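Worksheet: one structure, shown below.
We call the chains A, B and C, going by the order they appear; numbering starts again at 1 in every chain.
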Amino acid sequence: MAGCCAGLAAFLFEYDTPRIVLIRSRKVGLMNRAVQLLILAYVIGWVFVWEKGYQETDSVVSSVTAKAKGVTVTNTSALGFRIWDVADYVIPAQEENSLFVMTNMIITMNQTQGLCPEIPDKTNVCKSDADCVAGSTGTHSSGVATGRCVLFNETVKTCEVAAWCPVEYDARAPEPALLKAAENFTLLVKNNIWYPKFNFSKRNILSNITTTYLKSCIYDAITDPFCPIFRLGNIVANAGHSFQDMAVEGGIMGIQIKWNCNLDRAASLCLPKYSFRRLDTRDVDHNVSPGYNFRFAKYYNDLTGTEHRTLIKAYGIRFDIIVFGKAGKFDIIPTMINIGSGLALLGVATVLCDVIVLYCMKKKYYYREKKYKYVADYDQVCHPLSSSRHLPEGLGSESDQ
Amino acid sequence: MAGCCAGLAAFLFEYDTPRIVLIRSRKVGLMNRAVQLLILAYVIGWVFVWEKGYQETDSVVSSVTAKAKGVTVTNTSALGFRIWDVADYVIPAQEENSLFVMTNMIITMNQTQGLCPEIPDKTNVCKSDADCVAGSTGTHSSGVATGRCVLFNETVKTCEVAAWCPVEYDARAPEPALLKAAENFTLLVKNNIWYPKFNFSKRNILSNITTTYLKSCIYDAITDPFCPIFRLGNIVANAGHSFQDMAVEGGIMGIQIKWNCNLDRAASLCLPKYSFRRLDTRDVDHNVSPGYNFRFAKYYNDLTGTEHRTLIKAYGIRFDIIVFGKAGKFDIIPTMINIGSGLALLGVATVLCDVIVLYCMKKKYYYREKKYKYVADYDQVCHPLSSSRHLPEGLGSESDQ
Amino acid sequence: MAGCCAGLAAFLFEYDTPRIVLIRSRKVGLMNRAVQLLILAYVIGWVFVWEKGYQETDSVVSSVTAKAKGVTVTNTSALGFRIWDVADYVIPAQEENSLFVMTNMIITMNQTQGLCPEIPDKTNVCKSDADCVAGSTGTHSSGVATGRCVLFNETVKTCEVAAWCPVEYDARAPEPALLKAAENFTLLVKNNIWYPKFNFSKRNILSNITTTYLKSCIYDAITDPFCPIFRLGNIVANAGHSFQDMAVEGGIMGIQIKWNCNLDRAASLCLPKYSFRRLDTRDVDHNVSPGYNFRFAKYYNDLTGTEHRTLIKAYGIRFDIIVFGKAGKFDIIPTMINIGSGLALLGVATVLCDVIVLYCMKKKYYYREKKYKYVADYDQVCHPLSSSRHLPEGLGSESDQ
């Protein structure tokens, strides 16, 4: 058995298979098959069929455009009768994955750079110049304090600031919301998704949607689940909130588009699923600035070249379009990993039944004799017979078969 | 063999290995080695070398800036001779992962809040006030209907609306596109990527790129694959579309930057790969608003304080920079999972060959005798000899060796 | 043993278990248990406890709002004494995942469409009209060349361009930065995260944060690690850079919010972890446009209706809020995969010890005899006894037990 060729011949032309002891026992046999069936059911049923363990997955790469439509009218003492259309209430005019619709606002018109008294609050009411520190800016300051304490009105004096004057008075947002009719505005969402690993792309405006349908449909979870035009009020209602409440202080709404696709099936079965969720905090007690707002300004020059501006504190709802999802497609590697692990798990059945047969049953010693062959350490054998096949009998608890 | 210490000694000082029957058969031996080689080739070749199954993966976290450059001139009756530079056609001036370049527009100048007739279409042509519902807003209304039917021109009467007047006439975008020279504009894309799990970051402006090179290079897939400056016309052409066609109604172009890095190699081999894809729908029949456009306005105040605005319906191409990719680095766990699964799969070779040897070959019964040892249920044995090592011969189909 | 029922009975009521040879050897036994212990320690310690191999993971889906606060004052010859508040320096006023704070600028006031000489540089200094190509636009042109060479000042002549005049002179950004006090501005970041697979959502403004605390806290990694209000200077300092240096040419800062959550524990232990990183290139030698800037314009109409604009080249810091992270929750499948692979790996202990026992030890031949049963190819046996259980003795190197 020495030599290279003999070794190679032995390697190539020998087939080794474990020796098996077959115990004919109803009890043990049934238990073994039952455990193996359980493991098989788990591997095939759960891993492969339910969780699709034979598939490779990839995450979605997405591109979104959103466009609002709608017109409303307001009539206030400050602004008079005024129309608001898309160019007026969508700010900024174009964003990548979201769209802001202004629903309420505090307008401070005709501001110019100058010196004026702050709006009174706990920090800036004063009695004399000593109360005002020149050059300081508080967290809620509109400008930089000059150090002087001036009259705000007949009764109150506040610290004077260098700021855009007159200073904005934003204590409370108008209620009800100024653009409350925004509830009826609509939002068209166009979404293109791509799974790079599988080079599969699709759009949310499905191929069976016609121009006529698109001109008049409104999304509804039951009747029009694939219409990409959403009524703003419905979006908020679907998330369990009231549009009018939300419109006062603003908020963030998430339009979630889920693309979970099984690419082993037809591409036409890969469809978007829309859901809606409010993303900003609703807990008024634990929120320093409830809702959602930001400030922007429109700048003007007068004849003298002095810059004026209209400051607008815009409250509104920002609609974030969140696209997510996974595609799965058959791939040999996860399949093999799961098959391999499944095969290894079948070994558990053997381990389990072994324990029961060899340690728990009445006939355990009998079965142990059939399964095990005890071999002592060679040194303990009296006669060092290197090529002997038979061991002398009668060596204590040794059994030799 | 009873007692705790004996049990512990038995556990620690015993080594159990399965008993093997080695069948010397050319046919079976070669088949067994062939199947094992196939499985090994799959595990090593495909799982480890090709799919890099020994690596842990992480997704890219990215940050992008984009900057356009270019100047063009137009000469129209409405606007006269006019220069357009970056501040004029990039709207908004700054975005996170995308950049919009206006290529075409419909400008409605000097709008003021007022009452005026709608542009005639199927829904708002009227004969008398009865045809117009006060307070209504259609899907494509510019304003809120007053309920009056007024002259649009000498021949047609339409419903009057309260809106920004004069109302925008956007039936058709100018053709060819107004800013058709945008084809020659360039886009500088700066991208910083980071793999958090491996704390590896890199930029798309590689370390071997000099300032001189950057001042004049243009991206080309063959000659300048790492120049981060893209000519707009080339981006669209690379995606298989015509810039001039796209410039009329607008569209969305994706600049895809793929960062698939093998972090077991040098960091200098982790390079970006650019590709281009059109993201908006091209199917004119199935698209209610082909292309990409949005409206924005520039606001002005006149001497009386009345607000005027210039409404611009901007058609253009939005360039979305989509960064994706995965990094892989050696990790012990996926390696062990794949090795473990591979080992378990080698068991398949044994199962397969067993089936052939024990059920298909002519000498199957012979081999079965060598492999299996049949043991009856203890109860079926006539003499309950608990410590007997030998079973009486001649018990039906039992074989005892 | 023929027939269907017999076969089924054999299948159901038989339990097969491999036959084992138990070698009682201190050396080998201890080595075997040691290797098994190592593998077990790896599987339990590393795979399950450290890397949480029993968990299914999901990536975070996030929504972010950011709001700056702060006021500063500048006094320059061009602009005079001027206040800058949020509406002035945050451009655009609202973005989804980022916020740009202007820290420095080059203002070119009162531009109108016209003809004027370019700012002199290497490409546009000229001596005569022949040096200027009509209709050409260079990479850094402000407009379209008319073909004429005109006086820029008393000594230099440059090519004339049709552009917004006067042309912008942007050779060098002001130093120190104009709005250097932006270092003290603050940024409030509100982040809502969601793990779709586990339907778990949370906000970075934790439930134990009160309105009073939020009105005055500033983020600090040690003392206030969950305050979502960041001082701009601290953000840059935490990333190891100088705000004042960065403010001159601008840059991009990443505010990274990591949400790694173990959802097998209480939801209150799922907390955000903030880190800061500079995202733009710092290597001045290898960067054509260091820092970060963009141009925008404010448009005005004069009495004659001529459009004027103020062009602003805004340098500043864009704060990108990057949210990433994974959640893990116990799931049976990754657990079983890892258990299965672990079980298969335990087989390695046997393989290893087998190699040592059967090939390296002195008593290898003795052990081989106990483990292996050699069976010749049936054809080599002289008497074709199909049901014989005993093979004639004396067949070369065969051993038969």
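Definition applied: a contact is a pair of C-beta atoms (placed from the backbone, for glycine too) under 8 Å apart; a residue touches a chain by one contact, two chains touch by 3 or more.
In UniProt terms, the chains line up like this: A, B, C = P2X purinoceptor.
Treat the numbers as computed from the prediction; the structure is a model and nothing was measured.
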Overall pattern in which the protein chains touch one another (line/ring/star/complete/other): complete
Interface residue identity across copies chain B (P2X purinoceptor), chain C (P2X purinoceptor) - same or different by half: different
Angular offset of chain A (P2X purinoceptor) relative to chain C (P2X purinoceptor) [C-alpha, multiple of 5 degrees]: 120
Between chain B (P2X purinoceptor) and chain C (P2X purinoceptor), centroid-to-centroid distance (C-alpha), Å: 16
Multi-chain contact sites of chain B (P2X purinoceptor), meaning residues that touch two or more partners: 16, 18-26, 59, 92, 95-96, 300, 303, 337, 340-341, 343-344, 370, 372-373, 401
Contact set on chain B (P2X purinoceptor) toward chain A (P2X purinoceptor) in their complex: 1, 16, 18-26, 28-33, 42, 46-47, 51, 53, 59, 91-92, 95-98, 100, 113, 137, 139-144, 162-164, 252, 254, 256, 258, 277, 279-281, 283, 285-289, 292, 294-297, 299-301, 303, 305, 309, 311, 314, 318, 320, 322, 324, 337-338, 340-345, 347-348, 350, 353-354, 357, 370-380, 386-387, 389, 401
Chain B (P2X purinoceptor) partner contacts - residues on chain A (P2X purinoceptor) that touch it in the complex: 11-26, 59, 61, 63, 65, 67, 69-73, 81-83, 85-88, 90, 92-96, 110, 186, 188, 190, 192, 194, 196, 201, 203, 205, 207, 209-211, 214-216, 298, 300, 303, 308, 332-333, 336-337, 339-341, 343-344, 362-363, 365-367, 369-370, 372-373, 397, 399, 401
